[in-house]
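Two complexes follow with subunit A in common, the first pairing it with subunit B and the second with subunit C.
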Partner chain A sequence: MNTKVISLVSIGAHPTSGRARRAEQDARAVELGLQLAGDNLQVLHAGDSQEPALRAYLGMGLEQLHVLEQPAGADALGVLGDYLRDAGAELVLTGSQAETGEGSGMLPFLLAEQLGWPLVVGLAEVESISNGVAQVLQALPRGQRRRLKVRLPLLATVDNAAPKPRQSAFGPARRGVLAARQVEIVEDELFTGAELQPAKPRPKRLKVIKAKSGADRMKAATAKASGGGGQVLKDVSPQAGAEAILKLLIEEGVVR
Partner chain B sequence: MLNTLLPILLFAALGLAVLGALRRVSLWRQGRPSKVDLIGGLLAMPRRYMVDLHHVVARDKYMANTHVATAGGFVLAAVLAILVHGFGLHNRILGYALLFASVLMFVGALFVYARRRNPPARLSKGPWMRLPKSLLAFSVSFFLVTLPVAGILPANFGGWVMAVILGVGVLWGVSELFFGMTWGGPMKHAFAGALHLAWHRRAERFGGGRSTGLKPLDLEDPQALLGVEKPKDFTWNQLLGFDACVQCGKCEAACPAFAAGQPLNPKKLIQDMVVGLAGGTDANFAGSPYPSLDGSGKPIGEHGGNPHQPIVNGLVDAETLWSCTTCRACVEECPMMIEHVDAIVDMRRHLTLEKGATPNKGAEVLDNLIATDNPGGFAPGGRMNWAADLNLNLLSDKKTTDVLFWVGDGAFDMRNQRTLRAFVKVLKAAKVDFAVLGLEERDSGDVARRLGDEATFQLLARRNIQTLAKYSFKRIVTCDPHSFHVLKNEYGAFDGNYVVQHHSTYMAELIESGKLSLGQHKGGTVTYHDPCYLGRYNGEYQAPRDVLNALGIEVKEMQRSGFRSRCCGGGGGAPITDIPGKQRIPDMRMEDIRETKAELVAVGCPQCTAMLEGVVEPRPLIKDIAELVADALIEEVVASQPAPAKRKPAEVH
Partner chain C sequence: MSDIIRRDPRAEWIARNRLHPLHAAMQPAQTSWMGPNGIIRKNPHGVGFIGPNGIKRIDRSGAQQGGAVKRTAAAEVQLPLHQVLQPAFYIAVVPDMVGGRLSSHDRDLLGLAHSLAGIDGAVMAVVFGEHKETAFATAGVDRLLLLQANEFEGYSPEQRVQGLRAVDNQFSPRHWLLPDSRSGGAELGRRFAANIGERPATRVWQVKDGQCTGRAGAGQQDLTRSLPRLILAAAECAEPVSDTRHEVLPVELSTSLLMRQPRIEDLGAVAVDPAAIPMAEAEFIFSGGNGVKDWVLFHQTAAALGATEGASRVAVDDGFMSRDRQVGASGTWVTARVYVAVGISGAIQHLQGIGACDKVVAINLDPGCDMIKRADLSVIGESAEILKALIDAVEAYRNEAKRDAA
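What follows is the complex of A and B.
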């Protein structure tokens, strides 16, 4: 396949020790990329090229990893967007949410907006790519999959539905090259200006189990999420459709 | 006529033998360099052969005597035959000596023949079945051709018919025994074996020594190989060692993985390495194949390789390498002192460090070790939770102590915490000045190293050594034989040299010096399971038994105990790589335990405890030696503390 695939990676943190590591979801983005493009996969990170945890990605068998050199607190969005456009990327894969830093999960959305590309969240598998159109499977809750056809270039996030990342090996990790490149540094004012504090655990909603038997519980756990009401609009003009959606959002209190 | 024929035959055979030897040596020299004392080794070889090797062979009296007669007779006969028939020194005394030697060899060969009539499954068949006949042919022929020399028969007795028969007999004999030795016949073991003893990679093993720590990889040099991918990546003396195998199958009979039907047979593995160093396929292997799940064994003849081809998935399947528990039972039994475990770990190193192909939970465990310093991925801050109420001294406060209690990763395991608490109780009762590292302790690196991850091992080892260097202590004591082995035998290569003891050894000392007042063990009969890493790796068989005896326990020994103890299946990362077999190793060990009819099995290792407790009930109870000692402690009544009589603090078990 000669589609240009780029995986974006960040520095992760181990959930119990907090030590730097390869981020779980980003590693899956690399795995998926390797399965699609093999040695042609390009992996990109914006940040510190001296960070040893980056070598864990190289250990997956990469010859090099491109780093857009940035200090902590810089905004990665602009430089990533420029790089991807210049590099002629057609399929960009990334984790859904970083394990360190802001971890807002907004980067893929902002990046897609900036590039004007479609975004697929929860990519589980790329089935085929032909004539500039990718046929992919998107992961939905409860193990469901949705088949989508999306035109390239395309940005996709992966989560735990994507294939498990391969083991990182010491030899390739040591041999691989961290290719740093100087870029313009834009301060992320939203991040550096904000005050960070540890998250409070959210109160849990009480779960009332109505099911009487094990079979009922099984059914409840595996049932498709189904809205009761709802309305299917067919053959309406875009204008009318948009109005109907807006009306619903106002009714539900999503848009005020 | 024989007088002209014999020298030709003898010298032709010798010439061929020399050519074969040169060829064989060039095969070994494909391996990587290794530092050995070439001359010193050769000089030490006879002693190593007659003392150290014989010590192993002598465990089987029948074979030992047979071998002494056959080999001794042969060496003598060969030398004399060259003198008498080769150089024509027709001297009566030499003649009689040669007659004696060939008779000796004949008797030995008869016993070899007898053993081969109904060979046990562990012995290889094929060309090995021919060997006793060749030995007989050699001894009988030389006996007969020497009779005239000794003056017992006239020189041309039997005429040309006899001469032809004897000529053929001698030809057969010298083919097998002279140049067969260097051209890959069964007698190769004598030639390669002698040199292997001389240039063994663990010369410390000779003269009653012990050398069990794995050898470190050079990680500083980016050009150095990370483990063994191809046969030529072994050191030359490892290749030589493989060539020394006599295919006796002692290793096969001892191997727990083989018995459990996992796809590993140490003998076949060594023979595969021989195929690898010489090139070819395993089609000529005439022993038990690697077991397969359907019970018929992996087919022979489908695997092959050469010195320059990757071993895994050509010569050997990866699952074979991952089945090993590194229990060293094979090494202990091998009369040729071949180092199976070194070879297996060398090949695992390549798979883990270069290929990232550690099976099953391997990758996860290694990631955890890197990120949390323990294989379970538990938060490192929880390492001392088991002792929250015990007020243990931390070395970071005390700086100096008599005994450093190395806790090990069992700290995170609820079952093992009972053992740890019991041992603390014993230490306190003996008023020992001890302290722990607390949160500064990390996994010893044992599992990472056995899984082939030398990088993570060295990372952990260096950090532990750094921590230990900050404090002063007289000795390290641990309840975990794996930590014990690594701290004692494997940290030395990184300048970590300590006095390390297993808790059973230390408790035996405490008892000996009267520091503990002990009652008697209450409860039924007891057997003892020797952990591989305490016994075979470190030679400690006696102390645990002494401790049990001090509790009034008479140990009901299992058939396989002491140096023949069977592994529990927990070593070498085997539970992590989890290669399926027909049965589980701990179940087999539990059968061994049940045979003794003991109601309780004493153990001295958190792995053994976990593996044996994993066997479904009903089964004997499993208790660590520390727990047994703690239970039998007679607690002193402290007069100065008028504690409320009835409300003793409850023990948490």
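What follows is the complex of A and C.
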């Protein structure tokens, strides 16, 4: 396949230790890119080129990784948009949201808006690309899939439904080249007014029973789960019963 | 039985007739009276009443009940109506409406919207396409805007953003609230934010004093900032509305929508292997229990319906299903939208496991079992015959759909 694919990567943080690592979803974006484009995949990062965690992406079998040199806290949106427009990419893959910083997951949406490209959320598989039109599978909650047809150039985010990333090997990670490029630095104004704090545990929601008397409270505490007022079909033929069940299943949209 | 207290002329007649054998029983029970020396005398045997099992019961809560009079549950309480005649501003909520109904996440969001609206503002729900919800009033919707057009059918995020833009232009809500959920709200909210150029607060779990707190990064940090116009709130961000009833007044867009050509074409859902979907997140579960005698037929029916299979503890213990298919307290707690229970009587442990299910269908021989009380639709009968009929009905339905398409 000779489609130009670019994967955008960021530095992740380990969920327990907080140590820098390759970001889980971005690694999946690289994996999907490698499966689509092989050695022609281009991987792009905006941030510090000296970060050792970046080499974990190189260890997936990349020869080089392009870095747009930026300090922490800078806005990556403008420089990434300019770069992608000039690079002539046709398919850009990213993770859904960053593991550090704000992590709002807005970057792919803002990039798509800036570039004027269509955006597919939760890409699971690219089925075919022909004549500048891609047919892709989108991952939905509850393990479902949806088939979409989108015109290239296309921006797509991947989440945990995308293929599992391959292991990062030490040798290729050492040999790979981090190609840094100097870009204009735009400060993100968010952290002038807000601050990151360690996450507070969320209060557990209590089951509040609004009862006037003790008897009502007792009833609420001991009540069995019941829908109440369900329809009961008694003394009907099996066919009529099956029809009623099928009607409900079709209404709920689970039988297609 | 109604709550109206009725006279019993026969009992009154017996009470008047001193020669009637039941005369003594019909005398009004006197529990205390003034004695000859001015002392209050009490008859301790007179208190209480004979309960349904023939045992004397004493109710000290004040509300004496029991005896022959069996009262039904209290009548439906009419909640006070919250009215906003001239809304000073709007708080717009775009619920997910999974399966056409408000999810619990949507209700939490409407509760948050009410805390932002106060008494002057109106909460406006923007609903795309058809819906099946009947409880907008108690969920806290003051104004309902239905956007129904062919363009909003199926997966149509770009058209929906256009629709929201039109709503934004006409009503200019003070806040937009969307659920930060995978079932559509997170995507639509972010697309809308990028389109109107607002910076949203995401994964918000607390709103207090004009500040909102949301998770940041991989969930290890919190970010507190002043309340922006667009809020993507996490589940359980606020208490749902529970004390008031709301007038669900319909509002409409004054302008017609101008749709651009969509760049994403929806080719429809793809059939996935139902057995590969983890039980906990399967949408449609077909579950069998002790009442299922023909397990081959059970598997055939599940395959015909395209449902994920589940089982009760008995079926697993007897070796008809594997342990990872067990639903209930010691198995998997499922969240299916539709749960079909075949031959499961509904032990409390099983009912706990299906507590989050939306619609429950029961096929059972025993009309008095607990599963029937929980179910929205129950069919009483022999499961094997009903399952056979169900397979036939599904095949007939599919063939008809195919013929219509051709």
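Please note the rule applied: the second predicted complex is superposed on the first by the 195 of 256 C-alpha atoms of A that agree within 3 Å, B and C clash if a C-alpha of one lies under 4 Å from a C-alpha of the other, contacts with A are read in each partner's own complex, and residues count from 1 in each chain.
We adopt the following convention: a contact is a pair of C-beta atoms (placed from the backbone, for glycine too) under 8 Å apart; a residue touches a chain by one contact, two chains touch by 3 or more.
No experiment lies behind these values; they were computed from the predicted model shown.
With both structures placed on the common chain, the touch criterion links A:72 to neither subunit B nor subunit C. In the superposed pair of complexes, A:220 makes contact with neither subunit B nor subunit C. Look at A:61: by the touch rule set out above, it reaches subunit B but stays clear of subunit C.
In the superposition on chain A, contact is made by A:19 with subunit B only, not with subunit C. Touch criterion not met for A:179: it reaches neither subunit B nor subunit C. In the superposition on chain A, the chain among subunit B and subunit C reaching more residues of subunit A is C. Of the two partner chains placed around the shared chain by superposition, subunit B is the only one that A:171 touches, whereas subunit C remains out of contact. Looking at the shared chain after the overlay, A:211 reaches neither subunit B nor subunit C. In the superposition on chain A, contact of A:245 is made with subunit C only, not with subunit B. Residue overlap on subunit A between the subunit B contacts of one complex and the subunit C contacts of the other is empty. Every residue of subunit A that touches subunit C in the complex is listed here, in rising order: 12-13, 15, 18, 98-106, 109-110, 112-113, 118-122, 135, 137-138, 140-151, 190, 193-200, 202, 205, 210, 213-215, 224-228, 230-239, 241-246, 248-256.
The residues of subunit C lying in touch with subunit A in their complex are 61, 63, 99, 132, 155, 157-158, 182-183, 186-187, 190-191, 193-195, 199-200, 202-203, 205, 213, 215-226, 236, 242, 263-270, 272, 276-278, 281-284, 305-307, 337-338, 340, 348, 351-352, 355, 358-361, 363, 367, 370, 372-382, 385-386, 388-390, 392-394, 397.
Residues 14, 16-17, 19, 21, 59-61, 166-172, 174-175 of subunit A touch subunit B in their complex.
Interface residues of subunit B, counted against subunit A in their complex, comprise 222, 226, 352-358, 362-363, 366-367, 370-373, 377-380, 453-456.
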